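These notes concern the structure reproduced below.
Here the chain labels run A, B, C, D and E in written order, and each chain numbers its own residues starting at 1.
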Amino acid sequence: MMKDLIAKLKKHYKLTEPDYRRADLTFVTAQKDELRSLLIALRDIEGFTHLVLLTAVDWLEEGLFQLTYMLNNRAANRTLALRVMIPRANAVGDTIHDLWPTAETYQRELREMFGIDFPGSPRVNDEFILEGWTDMPPYRRDFDSLAYSLQTYRERPGRVTHDPREHMKKALYPDQKPEAAK
Amino acid sequence: MMFNLKTDRSQYPQPGPDGKLEIDLETGKYLKLWQGPNHPGITGNMSVELTVCGDEVVAGKTHVGYLHRGFEKLMERRSFIQVFPIVCRVCVPEPDFNEYCYAAAVEELAGIKVPELANWMRTLILEMGRFNSYMMFLGGISGALGLGVVGQWMTYVRDLMLDRFEELTGARIYHMFILPGGVRGHLPDGFAGRMEEVLRTAEKYLADVEKVMFRNAVYKRRTKGIGVIDPKLFEPYGVTGPNARAGGVAKDLRKDAPYLVYNELDFEVQTGKDSDIHTRVDVRYRDIHQSIALIRQILQKMPKDGPVMAKIPNVLHWQIPRGETYIKGESSRGEYGYYLVTDGSGYPRRINVRGPSYTHAMALLEHLIPGTNISDVAQLMVSLHTYPPEIER
Amino acid sequence: MKHFDPTFKKDTEKEFPLREEMRPRTVETPDGQTIEIEPLKDYFCEAPPKVHPKAYSKIVEDFYNWARAESLWILGFGTGCGAIEMRPLMTPRFDAYRWGIQWRPTPRQSNLLMISGYLSIKTLKRAIRAYEQMQQPKYVVGLGSCTINGGMYWDSYNTIKRLDDYLPVDMYIAGCMPRPEALLAGFVALKKIIKAGKAEGANLYAENFAQYKANQKAVIKDWDMPDYSW
Amino acid sequence: MSLRDVLSPYTAWKHLFEAPVTIKDPIGREAAERYRGFHQNDLSKCIGCGSCEDICQNAAIDMVPVSDPKTGDSGLRPMIDYGRCCWCALCVDVCMTGSLTMSNEYTWVDSDPDAFRFTPGVDLKSWDAEEKGYKRENNERRLTGTHRPEMGMLEPEARIASFGEIVHGYTRAEAVIEADRCVECGLCVATCPAHMDIPDYIRKVREGDYEGGLKLLYETNPFSQTCGRVCTHACETACAAVHEGDAIAIRWLKRDITDNVPRERYFDLISKPDVPETGKKVAIVGAGPGGLTTAFDLARAGNEVVVFEALPKPGGMMRYGIPEYRLPYDVLDHEISVIEKMGVDIRCNQRIGTDITLDQLKKDHDAVVLSLGLNQGRSTRVPGSEEAESAIDLLRRITAGDKVPVPKQVAIIGGGNVAMDIARSMARLQRQKHGEVGVTVTALEDFDHFLADDEEVEEAREEGCVIYDARGPQEIVVKSGKVAGLRTWKCKAIFDAEGRFAPKYDASDEMVHPAQMVVEAIGQSADISLLGAELTEKLEWNRGRIRIDQNGRTSEPWLWAAGDLVSGPDVIHAVADGHRVAKSVSAMLQATRETH
Amino acid sequence: MSFEWIQIAWALLTLFIVINYGLIMTAVIQKIGARVGGRYGIPVWQNYIDLIKNFSLRSKIHHGVMFYLGPVFRLTGGIGLLLFVPTIYGSVMHQNFSYSGDLILALYFVFFGTLGMALGAGESGHPHAAIGVSRGLSQVTMAELPLALAVYSMTLQYGTLNITDIVAAQQGSIFNWTLFTNPLATTAAMIAFVGTMMRSPFDVVLAPQEIPIGPPTEYHSAYLALMQTNRVLYPIAKTVIFMNLFFGGATNWFEFAIKIFALYMVSVVVGVVHPRFRVEQSIGFFLKWGLPVGVLSILVV
């Protein structure tokens, strides 16, 4: 069933080899410029009317953001997740708020948490979750939450821990490690 | 079907092309009114910025983020087992769904098969959680309408169920019982009997609720024909769960895409047709009875013995190969899902929580609010059954 | 647990600049005046609160403290998860009303601010506002691990770790989340210190206002709030 | 609106006449039996491995010192910060000993935020004795593995037929499972005499990075292949996993690394560091593990090292003491060839005192290291003991390929690993010659205090050796000039009240073990005759052993000592000695270079 | 009737008794409401402690003169209402300042307090208060409409505007009560009574779920204490009018306690089990049910 659909779609769109995760769940990567027409085709022709989620994955090492558009065909109980890769530098996506009004919220979140812009999406530049945030978008991989927290919020002092291995070394054989061999 | 939609907004300002609504407060015709975050009428720590003209609401904007802890970021810092204690915190009143979805996603990507009994236990816990969540809801909607006594009873019944939770899982609110690989323990001795007592008490109180709330003339006046969601909006706005079922769309993932042991259980999908506040409450009310029946069935049918944990790798350095998956289930509010991406390391690459409140309380609510009476905003929100913590996570 | 990146430096102003409307600027009002506005400045509570002395007579003060302890009005403001355990307290199972504990929907009438768990920066701002709107004497109870030392969210970029940096706290209740029974025990303990005249958090706040404000401003960047509500 | 709708709500008023459902006295109400409340820790069971700290995602646990570290116990105990804890109980689930549990107590209020920290078990709390609370189900540790995979080895029938190596070594899958069990606490490191980086190389096994693992091994142990087979693995007694299930098979995992790196790759991976030649010369007497480790370290530090060995082949007791079925000779040859690659000059058949004198060595070199093995067997000195064979001597002759007498029945005195070695070696020879095994082992200790490793005993039994415990040798029965058997009494106690060796026997329980050969395997001593009278006089001694300082240096500034001679019969101790001595020698050489 | 100075002392005694009775009675009623929910509720003396607590708070802020005057007006409304109607019929001590035509004065006081409150709350500048006031006023005004009609019908019936006379006319037998002599007017009045007691389903003003707490949002400390005092006094004073007009008044303190409690309970019985109406719904309710009954009662008389 999903295989047929993918084969059909492949005639018109450039899709990568899909990952048939489960019988009812398939992941496939699409081209960014074909995304919109692909979504419309899936929604209006193939019955994938339910936008389950829209989110991003940060592939920092590859310099890419993966946008995942997960669509569900309720009647057939099939979920198709479209992956779209966009460059991390100057990350801009195509807004789909006119296809699914609820995408507006997702796009606001992506704008705020990943810094991915969706020009034309309503209120996309408004603050959504954060307030007075001045650092880089926090869901980016190069944002280090713990480091930020340590630099911003004070901890209660007086916590000291010991590594068992180092502690035993200190107590039992302070400098017997064969340094010469190294 | 007749849907009494108050969509005549011609007399009020219209939103611009970028979705921004410019309202000139200087005219004195309009007033900005904020509900929340410190507001007992709304379903938790979020706020709605209302623009009112007299008693009529012209525009409403949802403001969230008061509960934002950055879960999706924190999960990326934690190993696969360390994510387990924090997922339940995503949604406070019904935490078990997070545990289940996360565990199932990890199990799928790591190729772990969960023992039969563990699946039954999970189903039991999810149904108990659904029961609790609905109890919160009934208390909430009656509270929002000023019928405090139903809230008192429902919280009491919920508390009895929390006692069962405590006995089974070792905690009242954050149960942390569904581990990746299975569940933490077996049923305690005599659990079924004590559960039966709770269910009986629940039924007794629910019968009272039926009389006091559903057969209440004032209540009917306040809820019938109000807050109608046009079924045409379900797909564009991603409406799932009881909210959609109240509009006649008989969709329930427990039936449509059975997970755990739901295909071995008998239950019916409850639907309504009017899609107003009254029907939404009613559908949930009937669903509670389904949950009660399901809990009874599960306790009766579940295997009496067997392992509850699959063998899992050493959790201290558990690595999962690269992959992505999405696990969903029917929570008390609609489709709840976890999107998990792994990259072969010992940490998740990304976890995205798809909570039904996210779509219901944001875009949908903002769409429904204009044109309602100021008194109806609170119950409209409550009737959508949203939990803010899962919106902002 | 992943180790943090020691090279990470917060504030990447260059790469992700502050939004225009949050920057200080000069605007022209409709009636032709030009005014300087600083959106991130806290216009609401720059003025330090007054230190209110105790009653002149110790007997009177003791009597007052007894009344204050026996009539604890809690601001019904759930800041975090812990708020869910407040509901059983208000309802039949635990019925905290028996102890003279009641919930009020407005900070003006409340004496006790329950910080029910973690505080995100956005909520912290509201909690501070609520606290400053409360009348003296006022008490703060921190609920759960999060208020003591960050709890679960010790590594989150959006939650504070130590509540006592920002507000004077009279009582902490351990737990994640604390059970209603523990909360009641906490109230009983709080009553004891109120009756003993030791719960002077409001004066502490007034005396060390500059320090508290500095701490608050270190984490809250945007102080803009609509008047009177949130 | 019907009349019913108007009236029906009033039915709620019936609750006015029902008793309230409120809990009368909720404060301190007991929580459920499984409730996850505050922590308890059984200090006597806790070993301070820190697994709880590792798994805690809230960083709520600190390991704090409460007692002195000892074998398998770091002396640290978890301190819990309730300003962090989320009561998930993963620490209880992961606890390696089951010492950490939770009570069902939940009330803790305080106005001091710094009060919410405590060390369970040390800081006394009201819930310490609470029985109820969260415990692991059936006390099963499910988050980390408890049992090691069975090691594949030859069947007794097959292995007794030859001197071929018994143990197969782990397959990759087994190695991964076993390596996965390690919790990386590092308690073992202190117990290992050479302080090998055990958790680190186990991680390398898990990750499949065998070459990296090998490099790591050679940082602390140039005899990793040997130790991967015959190490006494004291580390495994200190392993945190030993408390609930099997210890991690550290030795086999080490072997797994060495087996999985192709032999020729060794020379690339363990190359001589690029250090300038120091121009210093060091002589080492004895090519056992101690001496060769010293040589390895010193050669890598840029010194010119010569090793003098009396026997025809290097390896010392590794070659002449350990039977081939445990440590194949080609492994040893390869191991030593790696050391030679560092520029070590090993000169065999060079007996000190005969072929070259110690004075000569002292003259020609900047430092001399004595690494003498314990190559002389001790005697029981019971009647007839002059007819007994010495185990150590016998083993050497077997190894050297000399013909040794193989009678049908052999009795062995001793219960250590050497006794097992000779028993099993003789069993193999008997099998080859007679087709059947007739070996009796009599040990002074009972099975509860046995000296030999359990697996050695087990395997010896499987191979047909009969083992008697608590038997004290009384006489070697000699009939017509030939050994006919061994007479033993039941041993009641080995040590007296002061802990001195003074065995007590029960003469009524006498046994005579028929044997045509009796072998004594009750300990070894070193042959120190090569030192010469003058030097022997000059050196300081301690109970028959040369007194050395903590760096292995003797009272003579040019002379160091290492190996079995100073620390007993054990490869890993010898390696540790070697490192220690090499470091000390290096320091000395460095110092002299700087002064000149 | 002539005025004597001692009457002031007696009136203050009446006030004292009524306030104490009110404090305890409201607590008891809260407990009764709590019982329906299945719990114990506040201790009976809790209201006293709350009062002391609120008076003992150290800081107060204010928003202008009207903000001060709001609670004062409101309390004045309550006290005035009580003082100008006879609390105990036939008792010289607790006759208060009842003069001929005092019914009009009483009705005036009923509005006076509400109005003062509205002005004070408006001054606080809190938008919630302003909205609460506008919504509350419109509803209360509507609720008073049937009462006005009922009173009109009753004055027609008794031919006097003096409450003491009206009470006197109802003495003798229980069947002399207006309840029985003019049931329609009583019904209309009771509808208004339930409507003005600030309980469900007509409790919009204090509805925290819709607008946090309504007009008193900004009131705190001693202001709130004043309002609390009024909150126990004012409904009782109002109930006293109803008792006097329709239920034969009270001839001693015991009868007073019983009747007031019973009347008060009417609104509680209704309130506990109903959610609240929307403002326009309750206005509609009064127009649909209260008004016709009131008109009918006039017509019948």
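Note that in this section contacts are C-beta pairs under 8 Å (C-beta built on N, C-alpha and C of every residue); 3 or more make two chains touch, one makes a residue touch a chain.
Please read all numbers here as calculations on a predicted model, not as lab measurements.
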- [ ] Report the chain whose mean Cα position is at the greatest distance from that of subunit A.
- [x] E
Task: Nearest-to-centre chain - CA centroid comparison - done: B
Open item on the list: From the C-alpha centres, identify the chain that is farthest from subunit C.
Closed with: D
TODO: Please work out the Cα centroid separation of subunit C and subunit D, and write it as a whole number of Å.
DONE: 57
Open item on the list: Could you work out how far the Cα centre of subunit A sits from that of subunit D, in whole Å?
Closed with: 48
- [ ] Calculate how many whole Å lie between the centre of subunit B and the centre of subunit C, each centre taken as the average of the chain's C-alpha atoms.
- [x] 28
Task: Centre distance in Å when subunit B and subunit E are each reduced to the mean of their C-alpha atoms - done: 43
- [ ] Mark out which residues of subunit D touch at least two other chains, giving numbers and ranges.
- [x] 9, 12, 15, 20-22, 31, 54, 57-58, 81, 83, 86-87, 113
Task: subunit A residues counted as touching two or more neighbouring chains - done: 130-131, 138, 143, 145-146, 156
Open item on the list: Using the touch definition from the top, which residues of subunit C touch two or more other chains?
Closed with: 1-2, 91-93, 95, 98, 105, 122, 148-150, 152, 154-159, 162, 176, 179, 229
- [ ] Give the pairs of chains that touch; include all such pairs.
- [x] A-B, A-C, A-D, B-C, B-D, B-E, C-D, C-E, D-E
Task: Complex contact set, residues of subunit B against subunit D - done: 78-79, 81-86, 149, 156, 163, 166-171, 174, 176, 181, 184-186, 188, 208, 211-213, 215-217, 220-221, 308-309, 312-317
Task: subunit C residues within the subunit E interface of the complex - done: 49-50, 52-53, 55, 63-64, 67-68, 70-71, 73, 91-92, 95, 97-98, 100, 102, 104-106, 108-109, 111, 135-137, 202, 228-229
Task: For the subunit A and subunit D complex, residues of the former touching the latter - done: 156, 158-169, 171-173, 176-182
Task: Touch list for subunit D against partner subunit A, complex - done: 48-50, 53, 61-65, 68-69, 74-76, 81, 83, 113-114, 117, 185-187, 189-190, 194-195, 199, 219-220, 296-298, 300-301, 579-580, 582-583, 586
Task: subunit B residues within the subunit C interface of the complex - done: 32-34, 36-40, 44-45, 47, 49, 65-70, 73-74, 76-79, 82, 85-86, 89, 92-93, 136, 139, 151-153, 155-156, 158-159, 162, 172-174, 347, 389
